[in-house]
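For reference, chains read A, B, C, D and E in written order, and residue numbers begin at 1 within each chain.
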Amino acid sequence: MPPNTSEPLLELATCSISFGGLKAVDSFNLQLFPGELVGLIGPNGAGKTTVFNLITGVYKPSAGQIRFGGKLLNGKKPYQITACGLARTFQNIRLFGNLSVEENVKIACHLHYQTSLFGSVWKGKAYREEEARQHQKIESLLEVFGLKQLSREKAAGLPYGQQRRLEIARALATDPKLLLLDEPAAGANPQESRELMALIRWIKEKFKLTILLIEHDMQVVMGICERILVLDYGETIAHGKPEEIRKDPKVIEAYLGEEAV
Amino acid sequence: MKRLAAFIGFFLLFLLANRFLPEIIDPYYLHLFTLSCINVILAVSLNLINGTTGQFSLGHAGFMAVGGYTSASLTFYLGPKIIATLDFLPAILAKNFVFLFALLGGGLSAAFLGLLVGIPSLRLRGDYLAIVTLGMGEIVRVLILNVEAIGGARGFSDIPAYTNLFWIISLTALTIAAVASLTASSHGRAFLSVREDEIAAEAMGVNTTYYKVIAFVIGAFFAGMAGCLFGHYLQLLHPNSFTFLKSFEIIIMIIVGGLGSIFGAVVAAVILTLLPEALRYLGPVKDWRMVIYSLALIILMITRPQGLFGNWTPDFRRWWPFRKPQPVA
Amino acid sequence: MQEFLQQLVNGVSWGSIYALIALGYTMVYGVLQLINFAHGDVFMLGAFFGFYFSRWTKIAQEPTLFGFFATLLFAMAACALVGVIIERAAYKPLRERPRLTALITAIGVSLLLENGGQLLFGVDPKFFPSLISETRLYESANLVISNLPVIILVVSLALMLLLRFIVMKTTIGKAMRATAFNREAAALMGINTNNVISFTFLLGSALAGAGGILVALTYPKIDPLMGLLPGLKAFVAAVLGGIGNIPGAVLGGMILGVSETMVAGYISSTLRDAIAFALLVVILLVKPTGLLGSRVGEKV
Amino acid sequence: MRKWIIFGLALSLSAGCAKRDDVIKIGEYGSLTGTTATFGVSTKNGIDMATEEINAAGGLLGKKIQVIVEDDRGLADEAASAVKKLVTQDKVVAVLGEVASSRSLAGAPICQENKIPMVTPSSTNPEVTKKGDYIFRICFIDPFQGEAMAKFAFENLKVKKAAILKDSKNDYSVGLAQYFAETFKGLGGQIVAEESYFEGDQDFKAQLTSIKGKKPEAIFIPGYYTEVGLIARQARELGLNIPLLGGDGWDSPKLTEIATLKKPGDALKDCYFSNHYAADDPNPVIQDFIKKYKAKYEEVPDAMAVLGYDAAHILYDAIKRAGSPEGAKIRDELAKTANFPGVAGQTTIDSARNARKPLVVLKIGEGGAYEYMATVNP
Amino acid sequence: MTDNNFILEVKNLCVFYGGIQAVKDISFGIKKGEIITLIGATGAGKSTTLRAISGLLKPREGEILLEGRSLKNIPPYEVVKKGISHAPEGRKIFANLTVRENLELGAYLRRDKPAIGQDMERVFGLFPRLKERIKQNAGTLSGGEQQMLAIGRALMSAPKLLLLDEPSLGLAPLLVKAIFEVIKEINAKGVSIILVEQNAYQALKIAARGYVLETGKITMTVTAEDLVTNEELRKAYLGG
């Protein structure tokens, strides 16, 4: 099944977590290889976002192991996990609403910031050089996402679609190897969805990313994912190429329904 | 190099101010200026915790008290000994050296308390954090009441009058400059991200734990120095000066100024220090002073809920005449 | 042993006063998420309303049970009115604003009531008439139980049950909970959220008024700043129990009262407040939402 | 409109008054608002009465006295602001205030620096007058009252085991308690319990229960009447029926009013406190003062009013003797004050600028009436 | 536009959020018993229009007429009384209340107990899942169940006109289908419905007309037939 036989970039082995007795994710396994674009789908409450939260350290798994590039992620804080090269977006957009577009992205750059607290108060030469470098990086990122003209706007004031894009741009500013996208197409109309698909494909090549994607929009999922995992009630019910998933009777019954095919 | 020259320039300027201002300006106005500056330091430092980092702290008076009492103990008990060993220096230098030592001692002790108070902020949010910081402040006050060596309920009197205009002006300038510079840097944006959305900040690689605690530490450090200036100005520290009402006063300043705006905090600190004093000149309705003060506060909040300056900070560099012209975007 | 029992009685009766005031705090907080710092001052007004009412009506001279209830009702009604006026004038314009703004306004209202009270009632303490005279319910060499603390305890518990009933079982209670959860959605249900909020203030302030009278009976020295400290402590009690939670307010009040008493009685009376606050800090560190408070975990 | 014109006229008139040279300006600072406002207001009443008396009798040095009052909200930094304003803006010739030692300590250095005499009516902390030779006090200092009551308890009441309940937030109370304990132990007595409360507290049962368990024969409560009334009630409610002792902070008509269980003042029956004067003293100075005070303020004066009244009179007397509103001269005359016939006793200022005067011990009897017990000379 | 058949008419509506104009001079109408749908990209002003109708936002200009009478300056809780019920975007159910209490709140203004009971049974008829969970706190429901509850709650006020804001948002395809079935069923019982949808294809299939909004303006009025005939349209807004 895996497209190549190299070491997996991300590996979840029998991960479980429950909330108040309810198994949200049960013995979940996932192997993600460098350069892949994998989709994670399933009905509401199936535990998709929980998987993201496990990977990014928001929740601690009650059992199982999470490895990234061979390194164990269990017990690491979210910011440490991000520092390993893992970035995400959120289902309900979580931008820094009162800050400008530029500042939003700059905060994500902070991860690789060298200047000390004192240095940034004194604002010496090294500081200014670093700020300049940071500024350049951000400029080019915003350019790519078509947000450059808006860089002084308050993030909360942007239209929804641009907020979604800004969130992805912000995640990219942490220089990730793996990008986790949580329903990037939610609320987009078909036209916007198509643009988004193109964008995702493009950044994947440009930034040499591996991408894991949660999405309800079947056009997007089927259109860009190389592999798809289907979750229901915390368990993986199907796994395969898009065309296989589309025909899987279990998936149709639990999730897709007859007509959507 | 230019920066260093500017520092030396300011140093000399402040020394001159210290020498000549008292002769030009009415002592009462000088007194109000001093109190305003102390409140400016308090407001700007609290603004870093409360406005920039979004940690609702009601314990600033506690930091001020710890800084004030620590520094007063240093100058009162250790000061004479240090001055005696520094007898090769002119007396005025020795005195000011002791005061610098006391300022640092006061600031650092408050910063240590800030570290202790910062730790609960990792688990607590909003009103719960507010009440814990308030509790910490009250604990500090009650403990001070119980220590006879620093005066207990009688207050710590006979503190040497080391605070002068030079220290007042330079520490106020330092506080504003340091906090403003920090806020405008990448670290400053990390503070802001904690305020805006902690979960997203963590996901973007910001160590929110570190920034929350460090905000408390830095804020407390400056508040501690303010306490030191306060004690060595009044020559007296009394536990009653550091009740939760004092913390409320500082909170009011930063919100009236506009939460998060350093410029607003400075202006509001000055206005709110001067207002009760200005109301002394009301004449026949002088008894209504505090009623008018509280009414003014309510009306201001209703008519300008975002504070006087909202989030706005003027770009002072724009007014700097020697600035390099920037390319028009 | 009897001394310990006596201290327990002292603590419970002191705690029930915290509980009584904390109930009003918690009500308002539950619906508006506003720390109504003026609550302690409305409590003070309750005592003063009762004081002047009982003097003007001459109830003070010849106390009767009827007179007591008349005074109580008058104080509750007057405080309810004041509470609604405060809400409409000072808090309502800030409803859509950040909570800190409303909090500062609340501090402003509190300062206004305190300073205005000092101008209006004078700064000297007043003696509150004994509308109900102190009698001893139980007495031995080392254990005395009087009627007033028992009355306060019973009233606090009764009010707690009543409030819980109102909030959980009645239509207005449902409307209150809906308003608390999401004001806009509540309005879409046809709930006049402004009225619901005013009603909450009315209820909370009436409670404060009743508290003022009951406390003034037991501690008959009243002055315009009498609400400051009990107000703060009651707020601490409400947070301790989990703010917004009605039984939590009573539990928090009791814990605070008993622990303060025990600390003062057995450890050190100078450290009483320090230890009370230390207890608060420890409890909140262990359970960050207070003893009975619950918070729906933030959805990521 | 007319109202506004009158208001404007009144304003300009009052402003005009302030500028005239035919007044002697005296500054007064005190807590007119805040938690200790009741003491500041009483003091102000006493000062106002003394001022009116002098002005009615033709004033001082041919001029009227104008007292400029500034509120300090009970805060040390505001006290400093108030004194700074009085001294440098209003250019007062002398300052009266403050009740609390902490605020006097904040104001004193400013007066000293500007060579303006300051007379505090009731700050008992010995440190206050050590601030300089322009700072005076006309009340007892802590050791005197504490020692006197300790002696009275041990010798007159034959108490061997005493307890102390002090206000830890109040330096006056802490000071008295300290000297009481030292003297009482020196005499051979035993302090079985030392408990404390904070000004503004309402419930004292925990401390009282604990004290009760130690079985003392008397409790020394050197607090203010604002709390002592409640303490007495609660002590009796707990069945603690031993004498309570206190200092001049007790002296107020409110005390016995609050300490009422069944009959007025019954919770304090057979309790003792030290005071400046006895209300039943036939001395005309005292009787006259009480009568006039009652007529003016419709209540019985408390200790603060008496001390404010005396402080003002002692200051005015010194100005009269100095013959000039000059600070140094007033200071010299204040220092020479001897056997001034104040309401609060024959006052003499000693070389440390503290007052030396006798105190009286009063007993609270039936219906809250005070009975004279003894006079103690310094 | 004086047709008395219109249950609701919107005339020249302009709505501002702060300084930003979210809705620019739009007019449309819905007849008794109709379903109409507002479609368009996020931020086009669809939700804003609904919020103006239900009184949550005050229009700066224009008129909203319910059965010929203006709704100007009528607060949201009065609008409910007049027969408009709004199931807002993001469901906004009361998570700390039980399912039953949520439904009861929907009928907050009604005093006719027996009829309320009947209506509740009807809601359970439409959504049997809700009946199973009647005593649960609404916060514990899954996303789909919460959406059912939001619609059911809106029905409890026995509205003449139902405003549904993105009922299919974030739902699995299977559930989306079910929800649209229910919407048809509700309409069949005589309730007029204004439906705001991302899923324009599904929405237009059950609606009489669709109004396409673009940056606050109505740019087109479309019907289900247009899906077949207008290629441009299909590409731009309706997908596939």
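Some notes on this structure:
Simple rule for what comes next: contacts are C-beta pairs under 8 Å (C-beta built on N, C-alpha and C of every residue); 3 or more make two chains touch, one makes a residue touch a chain.
Note that the structure is predicted; figures quoted are calculated from it, not measured.
Annotation of subunit C and subunit D: jointly contacted by B, touch as defined at the top. Each step here moves to a touching chain, and the least such steps from subunit B to subunit E number 2. Chain centres computed from CA atoms place D at the largest separation from subunit A. Distance between chain centres (mean CA atoms), subunit D to subunit E: 74 Å.
Rounded to a whole number, the gap between the C-alpha centres of subunit A and subunit E is 32 angstrom. Residue positions 58, 90-91 of subunit A each touch two or more of the other chains. Residues of subunit C in contact with two or more other chains: 115, 270, 273, 300. Across the assembly, subunit B contributes 145-146, 199, 287, 290 as residues in contact with two or more other chains. Partner subunit E is touched in their complex by these residues of subunit C: 171, 174-175, 177-178, 180-182, 184-193, 296. Against subunit A, the residues of subunit B that register as touching in their complex are 3, 178, 181-182, 185-190, 192-193, 196-197, 199-209, 214, 311. Residues of subunit A that touch subunit B in their complex: 56-58, 77-79, 82-83, 87-88, 90, 94-99, 103, 106-111, 113, 115, 117, 120-124, 127, 130-131, 134, 170-171, 173-174. Subunit C meets subunit B in the complex at residues 29, 35, 90, 93-94, 97-98, 100-101, 104-105, 107-109, 111-112, 115-116, 119, 232, 235-236, 239, 243, 270-271, 273-274, 277-278, 280-281, 284-285, 288-290, 298, 300. Residues of subunit B that touch subunit D in their complex: 26-28, 31-32, 35, 145-146, 152-155, 157-158, 161, 230, 234-236, 238-241, 276-277, 280, 283-284, 287, 289-290.
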